[in-house]
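Listed after this line are the structures, all set down as structure tokens.
In what follows, chain A forms one complex with chain B and a second complex with chain C.
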Partner chain A sequence: DPYCFALKMSILQYNGGSVIAMTGKNCVGIACDRRFGVQQLTLAGDFDKVFKINDKLFLGLPGLATDMQTLHEKLRYRVNMYRLREERDVSPKVFAKMVSSILYEHRWGPYFTEPVIGGLEGDKPFVCSMDLIGCPMVTDDFVVSGSSNESLLGICESLYIPDQSPEDLFETLSQCLLNAMDRDCISGWGATVHIITTTGVTSRNLRTRQD
Partner chain B sequence: MDYSFSLTTFSPSGKLGQIEYALNAVSSGATSLGIKAVNGVVIATEKKLPTPLIDETTIQRAALLTQNIGVVYSGMGPDSRVLVDKGRKFATKYHQQHGETVPVSQLVRELASIMQEFTQSGGVRPFGVSLLVAGADEQGFHLFQVDPSGAYFGWKASAIGKNMVSAKTFLEKRFREDMDIEDAISNALRTLKEGFEGELNGHTIEVAVVKADRRFRILSPSEVDDYLKELQ
Partner chain C sequence: FRMSRLDFFNQLNPADPLLQERTGHVADFTENALSIPMSVASTELLHEFDRADLPEYAKFEHGTTTLAFIFQGGVIVAVDSRASMGSYISSQTVKKVIEINEYLLGTMAGGAADCAFWERHLGEQCRLYELRNKERVSVAAASKMLANTLYQYKGMGLSMGTMVAGWDKSGPGLYYVDNDGTRLKGNLFSVGSGSTFAYGVLDSGYRYDLTE
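So, the complex of A and B:
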């Protein structure tokens, strides 16, 4: 039967998906595609991979969907306990350390997800990505992760302009994600973009190629 | 090794006898006190040695928990060392997980929680110490007292140990909301002097401060002597 076959692919590409975070002037953008699939089979087009941690902090979790869901729940638990005990919101830097710690705790049986964090430290933008065992990388421009991460890196490097306004950041971020997604068969089927500023968050769904 | 039942049980009047007795152990221990100023915290304690044969450089009653939080105790020294160690471990673990130093209130809550555990767990007795925790964090300067029961209180100024009653009365009279840390240190020394038997110098008391630099520092005997000289 020519339609029954399994592809030999990396576990991090089993579900597919891409995430990107980018800094602007006193603002941060974080975006993801919306596809949920199992290897070459697409099952949903409303599967967001970016989660709100608090009003000024978002987390992107591409990779194996089950690990992404569990990690999100674990982190939500840790953040809620932090907020209850310390009576304050967790800051992006501290949150990044928490994620890194948790991932390394599973050094020998890791969560197959390579997170991306975007937030505001006060009014200064903060982005960070890490590998599946928690090695953090903080940059001052953009971070990418997921099945199209190499394309994303190339596009961001070309299109990125520092200190953009929220509106311009939205355009740049969207174009980076869209064009990288279109080159990746396991990312796509819609995109969600969040722009975080000191006054609030604007979230938009992009109309993309549905393939 | 493991008792499955607690040794600390209620009396008909609703008291926990072991905790009362632990508080007695604290009240018969050397006096400690602390004062919170606008720009710092100071804690101090008597270091009265039973005989001049003791090498007092090996005795340290104030202890560092983190770079910006420290503690002084009244009661049983060995018990305090267990708590200091657990406090340090907790603070270091917090730093490893969060990349930030632990807030004073969180560290105090953990110490209090441990002390409470030992009033309920099987086969153990309460700690025979009260702690005065002084520290600085993003919320400002703090002074907390933790009792053997696990109850904790935030203070502007307080005293524990042998002379706590007269020391607290003295502190109440002298405390002002806008006190500077240098005045607080002088007042702390004056308060200790009130109930002190014997010679008060840098070798018979221990003083520790957290100032605007947010570092917990135990003053050297000569620094203490300098402050004492200014009292005159």
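So, the complex of A and C:
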């Protein structure tokens, strides 16, 4: 029956969602869509997928929502313990290694999320993405993840300019995310963009097509 | 490799000697005929397209919301315009309302090609009716022609959930027709994957005396 809708989607596309991180001149941008849904049904438009770890480090977790929440709480615990022991904030490289180890610990029963990390290592931008079992990929331009990752890669390749100022980075990052979301049924319903600079973080919510 | 011709206008006899003469490119322009391969049972072959493990590009588009209802001002038809292949949006500007003729509209849900082709075919049938009977075809008759055509292809994998809406001598008319050959007369219908949501809104807000 063509009208019974139980789609055979991969488990990573059950909730949908997209995250993107991009580097600029001494700044990093990280953005996500805000949709929460179950396959084709949309339930909320205020479900962010990017979390603050510290003032210079953000983590994006697209994929299965329950695993995203659990992983975020586990990492929050580990980061807090690190800060108590080391009496300093965790740096992006060390944090990426931490995430990678936790994911590989569950090699044969993984968390269905492919994280994206964006932060400042001193004043140098750092972006990293990994697959669901923790293989890290560090690039010097941008990383993407989520249900529209192919569209995101395509548009980032076209629109990315190295060493942009925070304002220009915001525009480029937003356009990449918005246009890729418009080609994906299970991402969208708003966007949140964070621009991290050495002086602070600017966060903006974008009003987008609500479909 | 022989192909037979499935004639959907008049039931032609394939053994007819006149048909045997049509060879080469002349046969390709034979009107009102669809080719099906003779070597394989055609329904089994066509069921290949219903398998769940197909690559994305081979899956037909089903994500749609269409609705229509009768009210004091006539019939109103509303459709979305998205086409999706799995989770990928292939187009945001699809025309899902098909103009069968100046007073009949059809909607598209299910396979886009199936709906577009057979509703165009219905338009041809309606025009021929007008020429033979010197009056416009009624919505009831038009929807019945479509339903009967689809019933002939029942089980062969056509995918259509369409509404035929229009105006005739007895006023506004609305029928739901689908690929199983179902034909239902009604005042309010919604078809497609989003139909459940549309029914929720319609059932709470519908009144016959809504203004335009």
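The rule is short, and it goes like this: the second predicted complex is superposed on the first by the 207 of 211 C-alpha atoms of A that agree within 3 Å, B and C clash if a C-alpha of one lies under 4 Å from a C-alpha of the other, contacts with A are read in each partner's own complex, and residues count from 1 in each chain.
By definition in this document, a residue touches a chain if its C-beta (ideal position, glycine included) is under 8 Å from a C-beta of that chain, and two chains touch if they have at least 3 such contacts.
In this text the structure is predicted, and so the values were computed from the model without any measurement.
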* Using the superposition on chain A described above, determine whether A:40 touches chain B (first), chain C (second), both, or neither. => second
* **Comparison of chain B and chain C by chain A residues contacted** => C
* When the two structures are overlaid on chain A, which partner does A:86 contact: first (chain B), second (chain C), both, or neither? -> first
* Asked: Of the partners chain B and chain C, which touch A:182 in the superposed model: first, second, both, neither?
  -> second
* Touched partner set for A:9, first chain B, second chain C, both or neither -> second
* Structure fact -> Within their complex, chain B touches chain A through residues 96-100, 103, 106, 109
* **chain C to chain A touching residues, read off their complex** => 52-53, 60, 62-63, 82, 84, 86-89, 92, 110, 159, 161, 179, 191-193, 195
* What residues on chain A touch chain C, complex-wise? -> 2-3, 5, 7-9, 13, 16, 40, 147-148, 151, 182-186, 211
* What part of chain A is in contact with chain B in the complex they form? -> 85-86, 91, 93-94, 96-98, 101
